[in-house]
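So, here come the structures, one by one.
In the two complexes below, chain A is the common chain; its partner is chain B in one and chain C in the other.
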Partner chain A sequence: MSPNTVDNGTLIPFSGETNNDSLAIYPLHHTLTRPVSRLAISWSRGNSLRVSLFAEPSQTSDAGDGAKVIEVKLGGGDPEIDDADWRRIAYGSVAPFALLQSRRSAISNMSKSPSTYQLDWWEHVLQYSKEITSLLAGPKLGPSPIIDDPNEIVKKNEEPTCLKAAWELMEIFYVDKQSQAWLPERLVDWLADYDSLFTSTQETIHGKLVDFQNDLVNIQVIEDDPRYWEVMSSALSVGWLDIVVKMLRLHGSYQLDQLSNRELENGLVEAVAVLISKMPRLRPESAAGNLGECFKSKPDFIKAWEKWRSQITKLDCSPFWIQCDNQQTRVGLRNLLQVMLGNTESLCTASCYWVELYISHFLYIRPFMIGVESMYNLAQKCIQLKPPTGTHRLTGLLIGILGENTEVVLAEISREFGPWMVAHAVELLTAGSEQAEILLYDERYNLGGISMVELHRLAYAQVLSSHALTWQIAPIYLTSCMKQGMGLLENLLYRQSVQHNNMLLKNIEICRLYELDHISSNIMKVAGVYHWKHGRKGAGVFWLQQSQDTNCLDRIAQQLFDSVGKSISDESFKQWEGLIELLGSESKPAGGLEFLHKYRDFKKSLQMVYSGKSTDAARQAVGSLILLMKNPSTPQRFWLPLLFDSLKLLNWKDSPLLSVSETNLLLNKLQEFSLARQRPHFTEPNLPPQALSSIRLALATNLGRAILDE
Partner chain B sequence: MAKELLSLDNGTTCSSWNYSSTRLATGSTDATFQIFDFKDPPSSSSNSLRSSFKSKVHEGNIVKIVWFPPEYGDAVACVSADGIVSLLEEIVEDSQPLQWKVRKTLGSSASKVLDVQFGISSTRLKMVAAYSDGHMRVFELLDPLELTNWQLQAEFQNVIESVSSFGKALCLSASITLNPQKGGSQESCFLVGFNSNTPELNSSKVWEFDQAHQRWLPVAELSLPEDKGDQVYAVAWAPNIGRPYEIIAVATHKGIGIWQLGLNPDHNGRLPVDRVAVLSGHEGAVWQMEWDMSGMTLATTGNDGMVRLWQSNLNGVWHQQAAFEPTS
Partner chain C sequence: MAVTANSEIHRFPQYKYIDAVRWLPVLSAFNRFAVLATSDFDSNLSSIEIHSFKPNPLSFEFQSSWTSPSPISSIKSSQFLQKSIIASSTSSGSLHFLFADSTDARLVSEVSVPENELHLEGKCCIDLMDGGVECVTVGDDGRINLVTVGDSNLNYRRLFDSGGLVSYTSVKWASPVEFATGGYGFGLHWWDQRKPGGPVSQFKGNWDKNLNSGIVHSIDIHPSRKHTCLAAGSLGTVLAWDLRMQQQPIILSGTGAGDGAGNTAVQSISESEVWEVQYDRCIKSNTSSTRILPAMICSEDGILGVIEQGEEPIELLAEPCAINSFDIDRHNPLDVICSLEWESVAILTRQ
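After this line comes the complex of A and B, so read on.
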C-alpha cells in the first residue's frame, strides 16, 4: 500500500461499539513546504471528502504552492480486492439483489401466513447466495494439466479470497437448510478451500504442505524425512484424504525394485491407505473422485463408522507392526491411526491452529455433532487448547456466528469486509432466524426511524455514489429503503452536474423511473438557467419549458416585450424572433405571447417595406398593424410605439393605405391613450417628444385622403 | 484512498466547491478570485482540474466564498476580510465571451458582512447576511434571471426579545446555516450564531418566516441556559432524508453540540430542542463543519489542524469515527 493511501478497510461506518481509545488517526499526505495554516472541507457525492490545505502566505514571490486540494474516499471496503474487481462485484450483485427484493415483496403481498413464507424463503435466499458466490470467485489459475504430476500434492483452481470465504461461511450457517444435517462436513470442505487464507496470520497445514511440496524434489528417501509423516498426519487431521493417500503412495516401499524386500512394510502402508480411503462420511456425496464413503442417513453412517473404527483398532493391535523393521514407517503409520481413532493429543499436534483442531474434532471425535450451541462450546475448547497467536478476520466472524450473536456478526463483517458485504449479507442473516429478522428490521428512533437493514443499504449506496462509474446503481439500493432511500436519492440526483448533456438525460431518466417529478423539474430548471446564462438562449428556453418554470419564462417573455418598439439590428431581431418561436404559443403565462407573435408578423412586413418599398408589402404591414391594434391582448403601453413605427405607412405616398374606418379605429385608440396618460403611475414610452403629434397629423392626413378616395 | 487533485497559488486562503463538486472557486489574500473546472465528464479516469477564470474582485483579502443554489446559475458570493461581499456570476452578455462579472456588493467598513448564505423558499431566492453590528438582513431576489435586483425583506438582531437592541455590538464572526430542504414551496428557516462581545446575540437561534405576519420569528434557541452567552464558532444544519427530527451541529469553545430539533411547534410556536451530544476533540476554535449528503456523518476542522469525522452509532451515541492529520 502506498503511503498516500488510507487503509480503507478499517475505516468503517456504523460499528456497534464506541471506543475512543481506538480512534483511528490517518495521515493526510501533502507536499506543501510551509506549515498548514488553515483547512477547508467539502463533501462531494457519497463518501468522498475534499480537503483544501492552505499554507501560510509567503512574501517571497517564488514561494511555491500556496495550497493543495486532496480528495479522500472513505470506507471503501476490502483492500484484498482491487477497484476494478470491486466494480465488477458491485455491478454483478445488482441483479440478484433486485430479484430477491422483488420476490420478497411478491411473497409478502401474496400470502399473509408467515409459515409458508419461512418455508420457501430460504430457497430464494440460497439461490441469491449462490449467484453472489459465483461473483466472488477469484481469478482462475489456468487449466489443470492433462497429465497428473505425481509429485503435485496441493492443487489450486482459483485464488481464494476472504470475502468469498466469509460469504460461504454465512451461507453454510444461515441459509442452506438442506445441509444443516451435515453442517460439520460442510465446514470441513470450507476449511479445505480456505485454509490457505489463514497463512497470513499463522502457520497452517496448507502452508506446511506447500513448503513440503517445494522441497520434494530435493528429498531422496521420502519416508526417512520426519516432515513427510508430520505433514501427512496434519492433512489427515483435517480430512484431506486424497492428499494423504497420494502422499502415502509416494512411500519408498512402492518402488518396484524395493517391493520384494519391503513387502510387509508396503502391506502396512497400503492397509492404512485403504482405511483412509474407506473413511465413512455423513454427507450426501463428495466431489467427484474424492475418497471416503458417503452416507446420507445417520443409522447407516453409524454402522459404517463403528465397523471402520473396529478395523482401525484391529490394525493398530496387529502383530505385523513388530515385524516391520522401518521405524520411521512404523511410527508414522501408527500416528496416522491415532489421528483416525480421534486421539486428542495426536490431533492437537497435527493441527496448526484452533480452527484446524476444531475441524478435526468433527471428523474423528464428534462426527454426530448437532446444534450451534455445542459447536460454540467445542470452539471455545479448541481455542483453549490452541490459543490464537493473532486474530484473523475469518475467525472473528466464525466465533460471532457460533456465538449466535447477530450484532457481533454484523459488526465483524462491517468492520472487516465493508459496506458491500453488510448490505448484501443482511439477507443471509435474516434468512437464518426470525430473531435476526426482528433485530434487523426493527425501526429505531436513534437511527432516525430506520432499521439496521436500511441503514446499511444507505451506507452502501453512499459508497456507490462516491464513484462516477457506480453512482448509477445506487438508486436500486436506495429504492429498496422504505424510509430514507428516496430522500438520499433526491440529494444524489440533485448533486449531479447538468453541464454534460448525456449525463443530464440520464439523470432525468432516473427521475422518470422513480417518479421523482419535482427533482427532474428542478434539474431541468438548473439546466435551463445554466444554458441561458451561458448564452445558449435556445437550450435555456427549452429546458425551462421542460421544467415548466413559469417564473423564469415570464421573465424571458418580459425581456422580449422590452424590445418592442425599439429599433433593433437584424441580428438581434433574428434571435428575438427565434426565442418567440421557441416560447411557442402554448406557454400560457406569458399572456402577451399572442401579441408577440402578431408583433413579429408586423415587424417582418415592416422590414420588407423598408427594404423594398412595395405597396403590397405595405398593405400587408397595415393589415398586421390593424390586427395588433384591434387585439385586446396588445398592451396599451405599446400602442404609441406601434403607431410611431408605422409612421411611414400612415404617410404612404402613392395612396392612403388605411380605410376611413381603420383610420377612425386608430384615432380612437390614440384618444384612449391620451386619456390613460392622465392617470397616475403611467409610464411614458421612450419616444421622441413630438411622436404623438406627428402620429396624430399623419392619421388626420390619411383620414382626409381616405375620405376623398372613398 | 487519498488523491491530490490540485495545487493552488501562494496566498490562497479559501476554497469552495459548487453543488455538483465539479467546479472549485478559490480566493486569496490579494483579492484574486479563481475558478477551476474538471476538464472532462466525471466518468473519465484522467480527469484533471483546469483554471477557467482568474481575476481580481474588489479589494482586500477574500476569506470566504459561498455558491448560489444552481437554480440561479453559476454564481458566488465572495466575502472579504473588510466585510464587503461581492456577488459574481458567470454569464454571456452583449456578445461578449463568457466571464465572471460582479453583480452587486454589500456591506461597508462600518457595517461589515461576516457571513452570507442562500436559500430558496416559495420559489424565491433569499440571501441571509450577518453583519458585524449584530444585525441580520434578509434579501430577496426580484428577478430570477437578474442577480442585480435585490430587495431587503427584513432586518433584525439575533435576539429572542425583540424589544432589546444592542447598538454597540461588536461581532468578530458569525455563522449562518439554512435548512437544506429541497422543494421550494416551504418557507425556509435558518440558524445563526455570533462570536461577539454581546452575550445575548451569541447563542444560535432558529429563525422562521411567519407568512401571516410577514416577519421572521425565532422558533428555537440551541443553547442550554448556562451556555447562552457562549461565542459560536460554526453552525451546520444536516440534510434530512427522512428523519422525524432535524439535526444541527453548533460549535462553541465547549465543544460541538449535536442538537435534535423537533418538527412540530408547541403552543408558543417554539420547536422542541434536545442536545444529544457534546463532542470534544478540536482543541480551541472550530473553523468549519460540513454534513455529508445523507446527514449522517459530520466532518469538522479546527484550530488543531485536524479533520475529524463524527457519527452516531446504532445506539444513538455520537462519537468520533476517524481523524485526519495533514503530514508533509
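After this line comes the complex of A and C, so read on.
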C-alpha cells in the first residue's frame, strides 16, 4: 500500500502509474496487524520524517498494537561519504572558510580598487582550497610495503572520492593561476589519480590494469599475451609512463637465461623504454621519481619535443624491426611508438572513454595547446569519437567547466555533491573570473533580494542547523550572509533546548560572540522558567536574575513566600540561606525576592536579641523591621507574623526603641491589614488568636513612651 | 598574551560526541587506556568506551564498551585493590560503577543505582575518592548523597537535600570526611560528613558582581593542601578559596576579576566557560610553597592551558572548537587527554 495523506490525516489511494523519476518511494515497514486508518507526519532530526501510523480501532482487546511511530530517512545520502564523515568535513572546513571571509573583508576595507584585489586574491583562495582538499582525502590504505612487489603495477595510497576529484578539478581551472600555463599536464595528473572512479559507469584503463595485474600470476610468457601490449598502449596513451616502463621490464627478454639469444629483441624493448622515460613534459617538476623530462619554458619544451619525436621516428624506421623474430613484441612495440607519434587511430583504440581520449590528445596530438575555448572544442570532438554510454557525476562537471558556464557548474555540483560543496566551491568559482563574481554576488529580485552566494550559504547553514552536533557551526555561515543571516541566526538560537546547562551556556556564548544580548537575555528567561517549573528553584531564580526579568521574579516571589518559614522559631528557614546567598548583593535585580534578603537580616538580628540582650542588636533589628514594613515588596500576609515576632522589641524594657513616626507607620500598616481582612479570599496567618490585640497593645504602649521621650 | 608550549599532539576522530574523557588507572606499565563517555546521535546510544593508546607506532584502538541507559553527565575513574573503577552518573539520575581488570582493562562487572533513587532527572556530578570506594554525588535537584561501593552491592545515604533551592554543579573530595561543592552564583560550600544538616562553611562571592553571575563547573583539591579549594567556571574564572582566609579568594584567571582585593593585573587565559580544572600533576621543583600550585584548564573557546599564580598562562592547545574535558595521566603526568566538541579526542605529550 502506498498511502498518501491529506490535511486531516485520512488516507487516499496513490496510483503508482505516474511513473515519474522525481518521485522517491520509501516503503514503511510497520508491524501493525490491522489496516492503517490515519497517519501523522512531522519532521524529525536532520532530514528524517517521523511517521505515526494509527490502526483502525478494533473490537477485541488483544488485537496487538494500535499505533506505531517510524522514522524515515529521506534521500539516500552520498554513497561514498557517510553522515559522520560529512560532519568531519563540515567541522574541518569551518576554519578555512572563516579565514577566507575575514581576509576578504580585510582586503575590501583596505583598498577599494579591484585591480589590487584581484592581484593576489587567488593565492588566498588557493590556500583555502588546499586546506579543504586535505580534508577531503579518503582514509589512508595502510603504510606502503618496504619491499617493492615486482608484480604490483597499480599503486594505491588512498581511496579516491568523487568529491575530492570534483574539488580538485575546480581548483585546477579556477584558482591555480600559477599553473595555468601547464593546465593540460595538471589534467593528466588529475586523471591518473581519479580514473578509477569512472570504473563505476564504464570500462577504464585503470580497471583494465587492475584486471591484468590480478591475472599476472597465471601468465607464463607475458609478451605472448595480447592483453600485455593492449594494456601498455592504453597506459601510455594517458601518460602513465612509470607503469609502462615497469611493465616493459617484465618482458621475457630481460630474463638472464634468455638474454643471450634474444639480444636484439631486448635491445628494441629497452630502446622504447628509454624513449618513454625521456618524454618531454611542459610542467615545472613532476612528483619525485616520476619519469619524463620536465621543461618550465615553452621554447625549451618545443625544442626537446621535436628532438624526441625525431628519435621516435628514427626508431620506427629502423631496420632492426625486420630482424626481430618475435612477432608479438614487434607489433606491440611499434604500436607503442604509434601512440607516442600521436596516431589518432592508435589513441582511439587505446583509450576506453572520452576523457581518456581527451587526455591522450593533450599529450600526443596537441602538446602546445592552451586556452579553455579550444579545450572545449576538443572535448566535443572526443565525445563524438567515443560517445558516452552513461553519465558520470564528474563528466557533467567537466563539460560545464570547459563550456565556461558558471550556472551549469553550480547546478552540477549542487545536484551531485549537495549543499556543503556549493557553499564552499562558490569561493573557487568567483576567484576564477569577474564575470562569475558578478553573477554570484548580484542581488536578485527573484531570490528575495539576496545573492546566489548568500542563498547557497543559507541553504548549507540550514542543513547544519538541523543536526544537534553541527548547529553550533551554522552561525559562522549565517553571519557571512548580509541580508538574511542575522534573522535566521536569531531563529536558530531561540530554537535550541535550554534543558542542559552545558548546551545553554554554549548557546549564550554564541550570543556573546555576535553581540546578541537581547537574545541571550530571552534564552536565560526561558531557562529560568524551565528550571523553576521543574522544581529547581535556585537555578530558576539564577537564570531569571541573569536575564534581569524583575517581572517574572516578582511573580515567582509570591509563590516562594508560601513556603518560607514564617516564624522566628521555624527551623525550615535555614535551608533558604543558600538561595538568599545566591541572590547576591543588593545591586542585582531580585524583584520581589528582595524581601527574602531583608527578612533574613531581620531574622538574624532578632535571633541575636533573643540570645543576648544587647540594645544595639535590638536597635538593628528594629531598623530591619522598619525597612521590611516600608518596602512595598513585602507581602501583606507577612505583616502580622513580622510584628508578632517583634513583640519583644516593641515592649523593650530600657527605653522605647521606635520613634513616634515609626510607631505610626506600623499602626497604619496594622490598620491596613485589618481592612484587608474583610475582603474575601483572605487567608488568616497561623498565629495565636490574641496576636493582633497584643500587637496593638504593644504598639500603643510604645507610642505613649515615645511621645513622652520626645 | 599567553605563551604557547611545545607538545606533540595527536587527534583521533571518533565520529560521535564525546561527553567526557578520563585516563583509566591500571597496574600495567606497558598498557595505557582511556575511558570515553560517548553519545552517538545517529543511533541514539550512549556508552562508556575503553580505548587503548600506544604512542609508537601510534594507535588509539577501541577495546570494549558498556551501553549506558541515558547520556552520561559525569565520569570519574580510580583504582581500588586489583581493579580499576569507573563511576558515572547519567542525565536521568542513575549511577553506575564499572569494574575493569587492571591489567588489560577488560570490563568485569557493573553495579548501579537506578534513576530517582539518588537524584531526580537533571544534571548531576560525582567524585570518587582516590583509591577508595566512597563516592559523593550532587545534583541540580539540590541533593547530596554518599555512596559506598562494595564488590556487588552498594550502600547509599542522603546527606542533605535543599529541595531545589540550591543546585549543585560540581563536587570534589578534600579528605575522607570532607568535600567541597560548587554551584550557581559561584557559590562554594564546604561539607563535613560528621556534621550533617548543612555546609560547614560557605564562600561568599558577593565582593565581585561579575563573579556572582557565574556557575562553578569544576573543583579540584590537592591532597597535600586540603584547605585550598580550586574552582573554575564562567567568564574564564579560576580561583583558589583558602578556608583559612575566607573572604579573600585568590583569582588565577578571569575577565570578571579586574578589581578583586589583592588581585591586580590577573591575566585571563579564557573569556568563556572553563569546563574543567585540575592541579597540574607535573610540577617544577622550584614551585614556592606559599603559592597556589599550577593548574590546568580547558575551556569553551578551545583553550587547554596551564595557569600559575603570578606567571604568564601557558597555552598547550588552541582549538577552533570547545574543549569539554581533559585528564592528566597520573603515572605519566606529561600526557594529557582531552575531548573536543567536534567529535574527536586529542592526546598531548608535553615536551
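The rule is simple: the second predicted complex is superposed on the first by the 475 of 710 C-alpha atoms of A that agree within 3 Å, B and C clash if a C-alpha of one lies under 4 Å from a C-alpha of the other, contacts with A are read in each partner's own complex, and residues count from 1 in each chain.
Here is the rule we go by: contacts are C-beta pairs under 8 Å (C-beta built on N, C-alpha and C of every residue); 3 or more make two chains touch, one makes a residue touch a chain.
Please read these numbers as outputs of a predicted model, since none were measured by experiment.
Participant: Mind working out whether A:M452 is in touch with chain B, chain C, both or neither, as first, second, both or neither?
Facilitator: It touches chain B, and chain C stays clear.
Participant: Return the chain, chain B or chain C, that is in touch with more residues of chain A.
Facilitator: Between chain B and chain C, the winner on chain A residue contacts is B.
Participant: Which partner does A:H500 reach: the first (chain B), the second (chain C), both, or neither?
Facilitator: both
Participant: Once the shared chain is lined up, is A:E581 touching chain B (first), chain C (second), both, or neither of them?
Facilitator: second
Participant: Scan A:V210 for contacts with chain B and chain C and give back first, second, both or neither.
Facilitator: neither
Participant: First (chain B), second (chain C), both or neither: which does A:R87 touch?
Facilitator: In the superposition, A:R87 contacts chain C only.
Participant: With both complexes overlaid on chain A, does A:L469 touch chain B (first), chain C (second), both or neither?
Facilitator: Once the two structures are laid over each other on A, A:L469 reaches both partners.
Participant: In the superposed arrangement, does A:V36 touch chain B (first), chain C (second), both or neither?
Facilitator: A:V36 contacts chain B only, not chain C.
Participant: One more residue to check, A:A539. First (chain B), second (chain C), both or neither?
Facilitator: second
Participant: I'd like to check the shared interface: which positions of chain A are touched by both chain B and chain C across the two complexes?
Facilitator: After superposing on chain A, chain A residues 45, 468-469, 500, 502, 534-535 contact both chain B and chain C.
Participant: Residue numbers of chain A touching chain B in their complex, please.
Facilitator: The contact residues of chain A facing chain B are 4-6, 8, 11, 13-18, 20, 23-33, 36, 38-55, 57-58, 61, 63-74, 76, 407, 444-450, 452, 455, 458, 462, 465, 468-469, 483-484, 486-488, 490-492, 494-500, 502-503, 518-519, 522, 525-526, 529-530, 532-535, 551-552, 555-556, 559.
Participant: Across the complex, what residues on chain C touch chain A?
Facilitator: Result: residues 13, 15-17, 41-42, 91, 120, 122-123, 140-142, 162-167, 169, 183-185, 187, 189, 198, 202, 204-206, 209, 212-213, 215, 234, 272-273, 275, 300-301, 320-322, 324, 341-343 of chain C touch chain A.
Participant: Spell out the part of chain A that touches chain C in their complex, as residue ranges.
Facilitator: Chain A residues touching chain C: 45, 83-85, 87-88, 91, 94-95, 467-469, 472, 500-502, 505-506, 509, 512, 531, 534-539, 542, 545-546, 574-579, 581-582, 584-585, 587-588.
Participant: If we count contacts the way the header does, which residues on chain B are in touch with chain A in the complex?
Facilitator: The touching residues are 1-17, 19-22, 24, 26, 28-29, 41-43, 49, 70-74, 89-92, 98, 123, 143-146, 182-183, 239-245, 287-288, 290-294, 296-297, 299-301, 305, 307, 309, 311-317, 319-328.
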